[in-house]
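Chain lettering (A, B, C and D) follows the sequence in which the chains are written, and residue indices restart at 1 in each chain.
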């Protein structure tokens, strides 16, 4: 599903953000990416998502080489990937409902379907009573859950979650993890970047550890 | 140092964000504020900092009633309070050095002093090699540390830290906690809002727990 | 919520700037259209007054008219009797008309007002006509203003050329200001555009709302400008009665066709402005 | 880094919009100053040509001059002999001067060009002078253009009034556009302002950089506009030789004082614009 071959990413400073990354994630896998702050976790996810282009190396996602993908196909591919951004990236001028509905609008879902799916997802994340709020009116944890809702609402092929529980309390963290597992069981390939010991504790999932841009 | 009397905060929805908060924090205390997502932790800190005004009730900070404080005095008070915002609030068009130096510039420190203090603080937070970076070029954890640096660089009377380790790995979290303790020992009153079990584990500090806007 | 209100404010600022830019351009067009209209009228027709020695009877007038109709392009406007002339003078004097009460006799001559069309009559006609009419025993004098008009037309030619150049530059200026304003409003939503693209929106999905918005902004800006211009026009025609010695200005407003054209243009400018401004992001 | 570049771009857009707004206003002032200058010149002095029957000898000319100097406000410009007249005609004809080769005799009259100053001579002088000179046995004819000028001045009065009104509105429009542009650029930095205030910056600390920036933007915008206008002026005076039958236009540029005044004004507008725009945030 996701393959990285000798990927390097250098932002122009002496220390590259990613060094010689080779990684294969199979369809339906659940992978944790961990490592200290500044290790390159976010950069790795960004490259898979084509928000950044690698300095060298090749990335194949869902059978497509991202170095050679066309603008239009990239949009189509991104629709099949759900992303929880570390800084949420919610639209400040749309309310919670509209932010989540966006992911379905883009695909061209009919409105009644959109309503049903959005309500359902917001219920999962205990956000039902925040539907009409705008992101600046939400607490940190609520914003994070809206970001998760937007990422999962359209049942993506791949889910990339960057520190999805950094602003959540332990109870909610467990709920979110349960949710991710459920999504995974339904067939989605899941990559979660985190440095939370709690998330990793006792898991039997594959863990990829980054340090200073290298897989260790 | 900080006193809240019957503080209510209602943003206009049926559930107020804060209900009948009575809290006294003495000079030199170290207090954790905890509670689930949306409990009102950030709102409480914002009120102490006068970024939000309470719907009713009185807040006294450093002997001043925030309901009756003048524009100019408010600026002077804020200079003595260091704040780590949950969403960092760094200036995107200034680099790391300039962001941290800002807190000293405002007070009118001479430039050589500013340089010395900023370098020293950045060293504490292992950010020396990021001095010339702009916030959008930093990883989440790096941004958070810059926010911490800005909050502590001018030895504030009061330090308000909102989820200061949410984007940091366990090792860095311990370092930051050590730093906060050091600052506390030097005489600063410290309030930390967090839902990290790790931070609270085994602490002997006072813990204020919020739930749905109430102290429990 | 604050964000929404702000966004609306940014739009209002944008529309305001646009209307002012359009208004400058439209006001210029209005002035230009009027100058054009006026010179055209003045240049093509020439008015001539035939003053009679005595109050002529209708047979005399008929005779003169017959004589006139031999020439092409002559239109008889009206016969002004000595009484008519006095009345019109009284009207012009208004409150001071009492001054005329002392007169024992009406000193004003009767006249026949005619116009000549340059198209049909040719440049020599007025002179010929004047010479011929002044030979008549009943006619005292013939007045016309062509000499003046010729010089005036030379200036008007220059004004026209300068006008077209200036108008063109003004149009470019309006376009520039409007594009820049749209650019600034779009900049304030740069992050939103980036997020939309990251979530998988196609370029069209992102661009079209901005283009529609730009077009609507353009339309509103243009409409506000036209409305302001119309108000100014109404005030001008009711308050000001510009008369420059020889002829009084008759200010016309833009024709419906021009209005329609300008509105269409403002939509197009808004559309093009947003399209250009979006260019940076894709 | 991208942010920095963008910020610079926003500034450039701002300065560009400002310069265009200023340019429109300045161009108007330039046109207005020229019209003013020209009517003033035309209105105050009146040129008169005294045509001689034969080529006069110097004694005759001296006599005429003596006669002229009795009248106040008369300046003798030059004596144009028959030869001079022919030379100047040849010069005007250029390539076609060959047409004149066939002439056996020079048909052009000699003339004395003089100007009269209205200030000193009074309105009746030209007529008196003409009458008196034409009695002389050596003088053929006397030409002057006052009749025309009087009518022209009436139009110019109207143009002046319309000009002041239009100029005032244009100034307001420029102010509005500039303020709005500054507002939009400040909006794009709204968050920064909020952060600064949260960190304890006083209003002055936040405002002053914006005000300085606005003033500099205003100055640059004004300077760019003046420079563009000067370029246009240079092109205009080298390319265009506007001559309207009776007198050729002598286009003047804005005087250094006006330039200094306009630059100062643009700084002030930038300053006021940013101050007004900042109002919302404090």
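Everything that follows uses one rule, which is that a residue touches a chain if its C-beta (ideal position, glycine included) is under 8 Å from a C-beta of that chain, and two chains touch if they have at least 3 such contacts.
Note that the structure is a prediction, hence the values are computed from the model and not measured.
Minimum number of contact steps separating chain C from chain D: 1. Steps from chain A to chain D, taking the shortest chain of touch contacts, total 2.
Chain A and chain C have centres, each the mean of its CA atoms, that are 63 Å apart. Mean C-alpha position of chain A lies 29 Å from that of chain B.
Looking at chain D, one finds that none of its residues touch two or more other chains. Contact of a single residue of chain A with at least two other chains is seen at positions 137. Because contacts link each chain to exactly two others and close back on themselves, their graph is best described as a ring. Looking at which chains touch one another, you get A-B, A-C, B-D, C-D.
Across the interface of their complex, chain B is touched by residues 1-4, 7, 192, 195-203, 205 of chain D. Against chain B, in their complex, chain A makes its touches with residues 11, 15, 35-38, 41-43, 86-87, 129, 137, 139-142, 145, 162-163, 166-172, 195, 197-198.
Contact residues of chain A toward chain C in the complex are 49, 51, 71-72, 75-81, 83, 85, 89-93, 102-103, 106-107, 134, 136-137, 150. Of all residues in chain D, only 6, 10, 13-14, 16-17, 20-21, 23-24, 27, 148, 151, 154-155, 158, 166, 169-170, 173, 176-177, 180-181, 183-185, 187-188, 190, 242, 244-246 touch chain C in the complex they form.
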